[in-house]
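Each of the next two complexes has chain A plus one other chain: chain B in the first, chain C in the second.
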Partner chain A sequence: MTRPRHHVIIGTGVAGNQATRTLRQREPDARISLLTLSALPFYNRYDLPRVFRGVHDWREFLVDPPSYYEDQRIELRRCTQVVNVDAQRKTLALEHNETLSYDTLLVASGGRAYLPEELSEYRDLLDGFTSFEQAMTMQRKLPAGGAVAILGGDMIGLDLARTLVDTGHRVMLVAGKHTFWPHVETPEQRQALLGVLQSMGIEIIDAEAQGGIASIQAGARGFAARRLVFGKGRECTADVVLPSFGLAPAVEFMIGSGVAIERGLLVSPSLRTTDDSILAAGDVCQIWSEADNRYRFFFGWKNVRAMGELAARNLTGDDEAFEPAQDETLHIHDGMTIHSPFWEYA
Partner chain B sequence: MRSEDPRDVGWVRQNIPCQSACPAGTNVPAYIGAIAAGRHGEAYEINRAANVLPGVLGRICSRPCEDACRHGWPGNGEAVGICNLKRAAADLKHAGHRITEQLYAPTGKRIAIVGAGPAGVAAAHDLSVLGHDVTVLEREQHFGGMLRYGIPEFRLPRDILDIELHNALRLGVDLRCGQGVGHGPGEIPLARLLEQHDAVLLAAGCMAPLPLQLRQAGAGPGAAPACPDIEHGLPFLVALHRGQSKSVGRRVAVVGAGFTALDCARVATRLGAQQVTIHIRTAEEYIPVTKEEIFEAKREGVRIKGLRTPVGVVLDGQGRLTGVEFVQNRLGAWRPDGRRQALPIEGSEFVEACDTLLIAIGQKTVNDFIEPQVELDEWQNVRVGDAGMTSVRGLFACGDFVTGPSTVVEAIGRGRHAAQGLDAWLMGKPRRRRVVRIEPVQQPLRERSFDFIARQEMPTAPLHERLGKDRPEVEIGLDAQQAVQEARRCYLCNLHYQIDVDRCIYCRACIEVAPRNCIKLVQGVDILDDGSYGSLREAREWNQVGAIWIDNNECIRCGACFRACPVKCIAITRNEFVEVDTP
Partner chain C sequence: MKTDVQIEICGSAGEGTIAAGDILRNALAEAGYRIISFDAYPAEIRGFGKCVARLRATTEQAYSLKEKADVLVCLNDEHGVAHVGDVRDYGAVIYEAKSLAALPEGAHVSAHLRPAQIPYPLQIRELSERATGATRSRNLVVLGYLAGLYALAREPFLRIIEAKFKGKGEGARMQRSAFAAGFAAGAATFKLDLVAFGKPVQGQHSVMLNGNAAVAQGCLDAGIDNFFGYPITPATTIMEKLALEMPRHGKRLVQTEDEISAIASTIGAGYTGARAATATSGPGLALMSEMLGLGIMAEVPAVVFVSQRGGPSTGIPTKTEQSDLNMAIYGSPGDAPRIVIAPTNVEGCYRCAGKAFEMAERYQTPVIVLLDLYLSNRYETVVMPAKSVFEPDCDKALSKHDLGPGYKRYALTPDGVSPRALPGTAGGMHVVTGLEHNEMGRVNEGPDNHEAMSRKRHEKLRPALQLADFTHLKRFGDEGRVAIGLLAWGSTFGECLAAMFRARTDGMRCAAMKVVMLQPFPADAVAAFIDDCDVVLVPELNYQGQFAQLVQSETGRRVQRYNRVSGAPLRVEDILAQMQALHAAGNRRAA
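Then we have the complex of A and B:
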């Protein structure tokens, strides 16, 4: 009797979860292991701003009930960190000194919040918003009507800003070149977009005009928890400072595996890496784009889900190319409302 | 006990990966052990026995030891900060610390060394210790070579460099700066040096920039056009460090992927550039500089863009640079030299705007001053034999002058190696040889809890100070407490744990407590062609067991087995290379 194949998927984001679902449908007997750093099974990170609308129970965020994984015979391994991939031996080294073999590997480890290196010394004074735990920590820190300084912006941060304004918080956006990441806007569009954000109640601070961020300090006892000082002398205070500069692919554990990496894992249009047994999907991969004649990222929930599905199909016999599943353009409707495909995840 | 048994020699070579990876052969576990005990001066001397510039290398070494460190192997966490500890020993040693030298009696032999860079200085030191009369001729006005003229002060303060260079050459070495060798005005012909000395060692480095073929938009292919906004990186740094005034435009493009490229970019930020970008052919993962340097450059605002090869420049009507044309690459296979191939994609050219272009794609040697003619290799570098001698009797060569551009620690290692070969040739036999010293150790020197100490990160100067007027050294150095903590992380791979199978009662207590799969029941151990131990042949059944064996490849020297053994049949020894006089 032939041993069923062992598919290992790293990452339980949209791509990893969709791939798992498709793999199970196409190979009912396969062994599937789904590894995640997270303590929770797959949940919708785009939904996290709801913690400011009073949703604090982690179960409310789960896409599938915990029993789903058992029912589908998916070995979900939470709080599991992969530290190394040996592509020749087809093994993963896990942080707790376990070695896990695979027949095929799908890397869907996504991206982590990118913190510009010049701000790294303030890491301890900054909050994050990329996991349920971080979201709850920020929610607990932020008093009713409290102030949040969002550094950079990006469409994830701006989505949170919308919710924070709606829920009665003060939001200061320290705008820079990442403000509408991953969109690339023209200077004219940018002015109009910032105008719309202002009309929504978001205070805009132009980082470059203020001489950049000179320092971030802990606030004095009894005052706001954080103080931002700009290069030209302006200061502002906030209860929470949230860097929001887009995503950096989580590929550290792939270094040394032999798989080609630039910023993300470099993959063919069919999502294959330079190793036959390893595919990649989601925010972790740079896909060769014939149209652009270069490797590029495709962000957004629909694209990422499509990649997860395609990777699973290509792992199980197909050989199709990725086709973008969503429009990437940013629009202003009626001069009042911003429409971004990255906000359309409902 | 001293041993030349191939099993002992092989054990040290295989089991101390940091020392094996170090081109200078530094006894890393020994000096880290001294730091853990707070003996910084001793640690400095252990370093200095292999490399005469510990405080310098502690700042700018390319750290091959850390790439090899067992603590960085999969599942073991992060490599030990070996280089930072080297610097800590230099920084934290007593102010009145006395250096030691093992001086030999004078030989009366006269040796000239051409070049006072790291290879020349290392060779000059070792040859003067061996009793020879050494003269060093340096073309520049100050000694240090690439260390002084290629590396910016914010990475290598000149007071540190001066002290260690001086200490290396203080044993009677006659240093003549501003003295070129060749046929130019005021220069000494090499042939005359050969006549006047018993041997001559060429250590002239590798300082000529490699040209880059760039087309001008609208013109044919050729070398980069003459334009005041286009410079080669190394001459740019050399001019700056000679004290000349240099300036750059608002937007600076640097092409190249080595330390020189990174240094050019960081210098450009300090000269006021607003946007500095390093353009590389492959990707950040594959460039031969440390992650720490890349991180600090990025903190200072330098951006790195990958998968692109420069193919042309765009000039305006006044002949000033307005942009660089690149072609997009994809990654190819691995090259024989261990680098990754970059394959250009046809039709993918694009232009990036910039005002200054610094080209730092590598260097080559200049050897047109050599007369009589010597054999050259395929790269037009001087060819040498195993002992470092060229095809001309009595003329030796070493360092980057032989290998082409390498790292400082490689240059030092090659300088030392050449000194040994030269000394053996002059004296008719090698006077030093390497043996394994084996000393008993009474108890484990580590605790399991040390394995969970986080790597101590190097403190650095705040950004606003770095780019300000004084431009201080960026890395501040570990303090004494951090140094001890980091030193404790070291596995001390020079400790050899062995089970005495005649006394072992096979109770398996050691296997039960082992944190890794490091104690094995084996049928036997393979012996390699050189007589050293090879792979373990593990037993699958009890009746196959020939011995219980500690797999030193897996062992993290935690001492758990030693403490658990009820019959005390596990012995610990410290096994390390030492140099002794030949009879």
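Then we have the complex of A and C:
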């Protein structure tokens, strides 16, 4: 009797979860392991701003109920960090000192919040918003009507800003080159987009015009929790400072595996790495683009989900090329609202 | 908010698992929670074998441990893996984040978590090493983590730690450091599970005792004069507590060379008028059975505490069972009637212990108090009386007319109890022998005498069923006609009561009866209960259904049995399932 194949997927984001679903459909008998650093099953991170609308039960954010994984015989391993991949032996070394073997590996580890080097010394004074735990921590810190300074922006941060304004908070956006990440905009588009943000009630602080951020300080007792000091002397205070500069691919554990890495894992249009047994999908991979004649990232949840599905199909016999599933550009509707493919997840 | 949290700590012998459970239950009890706690541990002292400390902290009365834990703490992977399934959905599993040894695939706790359980990997070893320079304080690290994670007050923990390690040099400081390290980690952890401690109950002057400690306290409050014992699991801690306390009250405790000597000494002391007791387990009771016969024949007050464990022979010393009932009731040569009582909870252990001395004196006979490992080792918070509730002297009054040259130590009286003169009583000289004897105590093998004396020894115990201040049996649940009745004895009753309440919540008409007085047997009351029930289920921890046999032979009624000998207490869910199956079968028959 042939042993069923063991598919291991690293990452429970949109790509990993979609891949898991497709793999189970296509190989009902396969063993599927889904590894994640998170303590929770896959949940909708795009929906996290709802914590400011009073949704504080993490189960409300789950895409599938916990029973789904048991029903589908998916071995969900949470709080599990991969530290090394041995592509020759087809094994993963896990942080807790366990070795896990695989027949096929899909890397869908996504990205982690990027923090520019010049801000790294203030890390302890900054909050994050990439997980439920971080979102709730921020919500607990932020008093009713409190102030938030968002550094950078990026589309996830801007989505949060919209909610915070709606829920009666003061939002200061320290705008810079990452404000509309991952979108690329012209200077004219940028001014228009910033104007729309202002009309939505977000205070815009042009970081460059203010001489950049000189320092971030903890507030004294009885004062706002944080103080931002700009190079040209301007100061502002906030209860929470949220850096939001986009994502950096989470690929450290793949170093030494033998597969090609640039910023992300380099994959062919069919999402294969330089090792036949290892595919990659989502924000972690740079896909070869014939049109651009270079490896490039594709962002947006629809693209990421399409990658997850394609990777699973290609792991189970197909060999198709990735076709972007989503328009990546920003649109302004009626001169008043911004439409981003990142903002409406379904 | 009500609190009902069950925590399990799982590790190997020697890892401080049981000690951690002990500190935790004491700290939570001191904080004001009600506690039910039961530990499972191997027979071996160190090096291998699984230990599990279990406790349930509540703000309302609970009768048993829950089927599922809310929190599991794994001190090692090997044993932890086997217990992950014990945790309910949205409960917490705390485990060592990084193994020192390379683990084979699937050997880490994280590989076994169900998707609805919340993982809390913790650098237990590393935190212990940083705090104390050694890994042996890992148990204190996890206690601190629990306290930090669930925002429990630190002070009760620190007081318990201080008391536990008092006089051990740097020990207390090291343990406090380990606890503090864990607490900081717990407080910094984002809590995702749905486990919460509400405000504890204040102003409740309760103490936390296990069954054996309650027995010892009952002995002390009843004025025990002498204790003779030989160590045996799970009864040993009765002797240990008495060894600490009795000398302070000018009383004597002797560790004898074996169980035969222990019961012989107890009977000897009882003969002199002392309140005397011994404690043992099944194998010890077997050795004592001949001397028990002497106590019965010579009509000497004596109290024997028997904590049952898995048998036969040496059996499973550290696992619970209720399989010595037959031996306790029948185990002696000849017709050897004695009183056998079995408490059903820790408070009952206290009351039965004290009452046993009263009964032994009142009816001039050995009294066996039947516990089991589950009850002996189970901790509960109980409200103790401010002063002793036991009568200091229950001897039948001896008048001048009884004494003299014709003194009849074994006089045939209407109630069967004879006037007892203690050694040295003027005019009370008599013969004491294990041979059949006449009213004077002199040997007499005549048929009429044997008939009369046998009747006397049996019938004098009957009034024990009428004792006003003793709960012989008690019914709970629905009154009148019920679909299912549960009939239980000993430690098993708590689980039965919990199952009965669950079944009632589900709409079943049912009731439960605990039977404390097992010999003489309250047959009429039990028969009346059985007659009230469509079906009676008797759950017990033995293979034979010893209590069910007793019930059937004493009442002439048929009962359904549910017997388990897994070494673990019965599970509420299993009893409930049996009830539901019987109920469904009854409904089918009715249809």
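Everything below uses one rule, namely that the second predicted complex is superposed on the first by the 345 of 346 C-alpha atoms of A that agree within 3 Å, B and C clash if a C-alpha of one lies under 4 Å from a C-alpha of the other, contacts with A are read in each partner's own complex, and residues count from 1 in each chain.
In this text, a contact is a pair of C-beta atoms (placed from the backbone, for glycine too) under 8 Å apart; a residue touches a chain by one contact, two chains touch by 3 or more.
Quick caveat: nothing in here was measured; it's all calculated off a predicted structure.
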Contacts of A:N97 with chain B and chain C, given as first, second, both or neither: both
First, second, both or neither for A:Q189, with chain B first and chain C second: neither
Touching partner for A:M136 - first (chain B), second (chain C), both, neither: second
Partner chain(s) touched by A:R77 [first = chain B, second = chain C, both, neither]: second
Touching partner for A:Y69 - first (chain B), second (chain C), both, neither: second
Touching partner for A:P41 - first (chain B), second (chain C), both, neither: second
Touching partner for A:A260 - first (chain B), second (chain C), both, neither: first
Residues of chain A at both interfaces, chain B in one complex, chain C in the other: 94-95, 97
Contact footprint of chain B on chain A as seen in their complex: 83-84, 86, 93-95, 97, 116-118, 120-121, 214, 255, 260-263, 266, 274, 288, 293-295
In the complex with chain A, residue positions of chain B that touch it: 74-75, 282-285, 295-296, 298-301, 306-307, 328, 330-331, 340, 345, 347-348, 462-464, 515-516
Complex contact set, residues of chain A against chain C: 39-41, 58, 66-70, 75-80, 94-101, 132-133, 136-137
Touching residues on chain C, where the partner in the complex is chain A: 89, 96-108, 110-111, 113-116, 118-121, 190, 192
